[in-house]
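These notes concern the structure reproduced below.
By written order: A, B, C and D. Residues from 1 in each chain.
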Amino acid sequence: MGVVTFTMDDVQYSANEGDTILKVARDNGVHIPTLCFLEGLSPVGACRLCLVEIEGSPKLFPACTTKPAEGMIVRTQTERLKKYRKMIVELLASEGNHQCAVCVVNGHCELQDLAYEVGLDHVRFPYLYPAKTLDASHKEFVIDRNRCVLCTRCVRVCHEVEGAHVWDIANRGINCEIIADMNTPWGESDLCTSCGKCVRVCPVGALLEKGATVGELKKERGFVKVIVTARSKHEWITVEDHEEE
Amino acid sequence: MTIEDLHELAEKERQRQAQYKYRILYCSSAGCVSSGCEAARTALKQALEEHGVAKQCELVGTGCLGMCGEGPLVLVHNDQTLYQRVDATIARKIVEEHILKGNIVREHTIDLNDPFFAEQKKIVLENMGKINAESIEEYIAADGYSALVKVLSGMTPEDVISEIRRSNLRGRGGAGYPTGLKWDIVRKSPSDQKYVVCNADEGDPGAFMDRSVLEGDPHRVLEGMAIAGYAVGANQGYIYVRAEYPLAIERLRLAIKQAERLGILGNRILESNFNFHIDIRIGAGAFVCGEETALIRSIMGRRGRPRPRPPFPSEKGLWDKPTVINNVETFANVPPIIRNGASWFTSIGTQKSPGTKVFALAGKVKRTGLIEVPMGISLRKVVFDIGGGTPDGSTFKAVQTGGPSGGCIPEQHLDLPVDYESLQSVGSIMGSGGMIVMDNTSDMVDVAKFFMEFCMDESCGKCIPCRVGTKHIYMMLDKIVKEEGTEEDFALLQELCVMVKETSLCGLGQSAPNPVLSTIRFFREEYTKKLQPTSCYEGNASTITETNGEQK
Amino acid sequence: MKPRVATVWLGGCSGCHMSFLDLDERLIELADKMELVYSPIADIKEFPHNVDVTLVEGAITNSENEEYAHIIRKRSKFIVAFGDCATTGNVTAMRNRFTPDEILKRSYIELAEKNPQIPNDYTTLAQLLKKARPLHEVIKVDAWLHGCPPTADQIWFAMTSLLEGKIPVLPPAYLRYG
Amino acid sequence: MVAQSKKADQGKIDNRYKLLDRAITKHHNSGYALIEILHVAQGIFGYLDNELLYYIANALKLPPSRVYGVATFYHFFRLKPQGKHTFVLCTGTACYVKGANEIQRALEQECKCSFGETTSDGSVSLISARCVGSCGLAPVAVIDDKVYGKMTVDEALQRVRELRETEKERNV
């Protein structure tokens, strides 16, 4: 495997061919904020928080899917990037119904952490206050769509790791929603193995364990490939068929 | 079928056509269908039969004749007489006077020397008004498939690509990427399987160029795709068409069947070793599927959500195989380039943007319809000479190109030449070819809101800037239109537009703010005059000015 | 002249004001440095003119809040959104997915133990707005103090900055929702 | 009598599924053909309800949530039945410039429902289209598959009223 040398924030790094900018950054302790990215799941480049500048191009590139090339000069913390990251968190905060004070993951929430990191003292966009639903039909878990940030980690972990594909996204644009099966109650799903991976990977309080109250739910998000229980059951799932949503 | 057979077939068809005293072509494109060309056709047919001249005349449904606003259009081919607004009565008159007595019915004709026609240059639309859209024989008789023959009888794939590269043909979908370069990358990408995809998901609301080509001259697109397939080493092609275009789908299906029957598509094409199949995939109403990575997912039966590029489809496309994706008009340009050579093509248009561009001219102009003009023509010529200017009593305000991804160009830039770079320099884009003229009755903030509503509805929802950003831009525009917005809203609107443009994942989001930014650039006062003051401190308490901490 | 300070309680639970009282002995220090010209904990009827700093607790949830906010804005040099409800809508905004009618019906009819009826005399009662909104969506706000409620330390930091004539920009450690 | 008509319905339903099966077989039960199959299914059944979507999911061996996700992503697919009549208003740019939005507002007021919905009596569905490609005739409406150009507010209202009247009479 070849090695490429590139510069990131004025420091030289060498990367294995095939590694992404984000991987090199993480391996070397350079912090780039992320939300949709989770190690072990296919990267989708959707949240745009990890965008970086590459010298010579006016465009911005997601660090999670972009691979360094020989001699590339990457910047991860410019004023422009900081401003855009703050606006992205601002947009997210305005999109859902995020009431930290009454949330199970208050204090252990990736959206909160991001808000602190970008210094979000208030949201300039009007809050949308969407009418979202909560589904507590599952015997162990709850999905509260009010708090969903549509990172699709749950969709990907359920498809790519568990192999059950209970979750998917319905509708489009601002009306996107995470749904189970035919937009039917989660508790009725034959496909769900109740493995709880989706709850673990959810960065916010949208997927939660029953019985947890405000600030109680700490999630173990470091990715562990829990034994696959569903993959063998469903013949439509193939390893090649990555979710990518 | 061999190449000789094909030549023979062309000759036979020409003889067949020559036996008619008159070839009467009526426009059977969707625009004229809406205006009632079926009634005109029936009346013509009846009159011809009644007067016993049906056998000497051929009545043919042809592709778009261009002046859609004046339809139904009927063209008497032999003496190039074009009749407008042909209803049953006029149809009868045409037969009784023109066909029987040779007297042209002047009061219903359109002068073909009118600038609407004279300023145009037809390459892509050359067969419109010449051939029957549903007959492969007529296409062949009009030199159709001769480019494919030329390619198969002596050109190597490298020859084809170098010809296209020398022609400097650029993608007509809007971005203007060099077609030859794209093909070359696909050809050089190692793979046992490659694909050719024709993007006919024309989603720009106010544009119908691709549809007209597919309805009027479907074989031209098939031929272009087959040549691309040969050049890059693909044996399978897909045409992704909007479901909203049933007539185009029907004619494509028919065309594919005809071509397969004659051995022009399928295995061992024209008895060469080249195999190429084309299948149709029907879209289902998602503008974002015009974005190539979304289109690929849609062809694979998935939600049309784009993915970050690279890798580009030319390396990893359909089923992760190298894939050429071009739009309808690009493929339609290929056969004439191969037929006439690259230097012929570069002699038309400008140096950086050779050839022609098809536009759907609509809105507040006297003559609306489908036009094809050489690149480099000025916008003023298009709007005022070809389009005839705004209707009487109103004044020109702006011309919008590029649809929801484009911008509004005001009077002072009307002398700009139509090419990729010039339009970009004023904040618009070439786009796929929608061209909407606006007059003094159009409120430009409302226009921006109209396009933003479209983008918001069409956002796939994958990336945050586009999903949430377009919603907020729309809400701010709505607030300003209702005269409830403030200076702060206006400033934030501009900040958000730039952010969405720079951070969105795909072309839809990256270009969605263009209509807003361009109207702010040229019609700023239309925004500012609608803004409201905010309530602020009115007293005289002591001042706090310094900051404690780092101002963010 | 000491800076004139006001605190206002709009659509919130008064928790932020309680937290203000948690300043304990620091309150005495504050009292030396400023003049409290208006507050729910002081008995003053009308919001005064020429106020230097006003802390506003709670979201804008009814017509009275809205009217009041504009008055406060005109009479205050400097306005601080005080706590999460004023900053984000927070718990007050949880009603926003329902219409005011649905909410009133639920509270005054379905949950009423006796004499169920929806209050309708809006000459004396404030009418619910369609949505509860954070303060800065209604008037211009100069600084934000988060938390449900903000801690006494946060409040102290903000107040001492303000009284020194400086706009408080909270250090990251004080940026805290919930 | 009742039993008989039910039986007739059943027969019809079976036939419709047979047609659908044929299309599915033609595409070798491939999940890649999902959009094609949804087109066929909507053509046969008029709209896609959950039962039908489950049927397709099983036949194509796709997870139900993916089928639902695709069916709701594309505007062309309907998950609810349409009204007896359809009034499609083009909201493309040319029609917008020529005042389609005023027609839209007037119709929504008249029908007491938004575009994308059906009147409460089930008589008329209001549908907006992204350019039907007859820009020269803007504003354009397509009423029960027939194209009407140069539409005005008054004409649109009158036509909708006529549609609703005929339905009312038929029901009486």
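As a working rule, contacts are C-beta pairs under 8 Å (C-beta built on N, C-alpha and C of every residue); 3 or more make two chains touch, one makes a residue touch a chain.
Predicted model only: the values in this text are computed from it and were never measured.
J.: What chains, if any, are shared contacts of chain B and chain C?
T.: Under the touch definition, chain B and chain C have A as mutual neighbours.
J.: With chain centres defined as C-alpha means, what is the inter-centre distance between chain B and chain D in Å?
T.: Roughly 26 Å separates the two chain centres.
J.: What's the distance between the Cα centroids of chain C and chain D, rounded to whole Å?
T.: From the centre of chain C to the centre of chain D is 50 Å.
J.: Which whole number of Å gives the spacing of the CA centres of chain A and chain B?
T.: Averaging C-alpha atoms per chain gives centres 38 Å apart.
J.: Residues of chain D that touch two or more other chains: which are they?
T.: In chain D, 31, 66, 69, 73 touch at least two other chains.
J.: By the touch rule stated above, which residues of chain C touch at least two different other chains?
T.: Correct list: 170.
J.: Multi-chain contacts in chain B: which residues touch at least two other chains?
T.: 286, 303, 460, 552
J.: Go ahead and list every pair of chains that touch.
T.: A-B, A-C, A-D, B-C, B-D
J.: Which chain A residues qualify as touching chain B in the complex?
T.: Per the touch definition, chain A meets chain B at residues 44-48, 51, 59-62, 65-66, 80, 83-84, 87-88, 91-92, 94-95, 119, 121, 124-126, 128, 150, 169, 171-176, 244-245.
J.: Touching chain B in the complex: which residues of chain C?
T.: 1, 3-4, 49-53, 70, 73-78, 139-140, 161-162, 164-171
J.: Which positions of chain D touch chain A when the two form their complex?
T.: Checking each residue of chain D against chain A gives 31, 50, 53-54, 57, 61-69, 72-73.
J.: For the complex, give me every residue of chain A touching chain C.
T.: Checking each residue of chain A against chain C gives 93, 97-103, 106-107, 112, 115-116, 119-124, 126-127, 129-132, 146, 215.
J.: Could you list, by residue number, the parts of chain B that touch chain C in their complex?
T.: 488, 534-552
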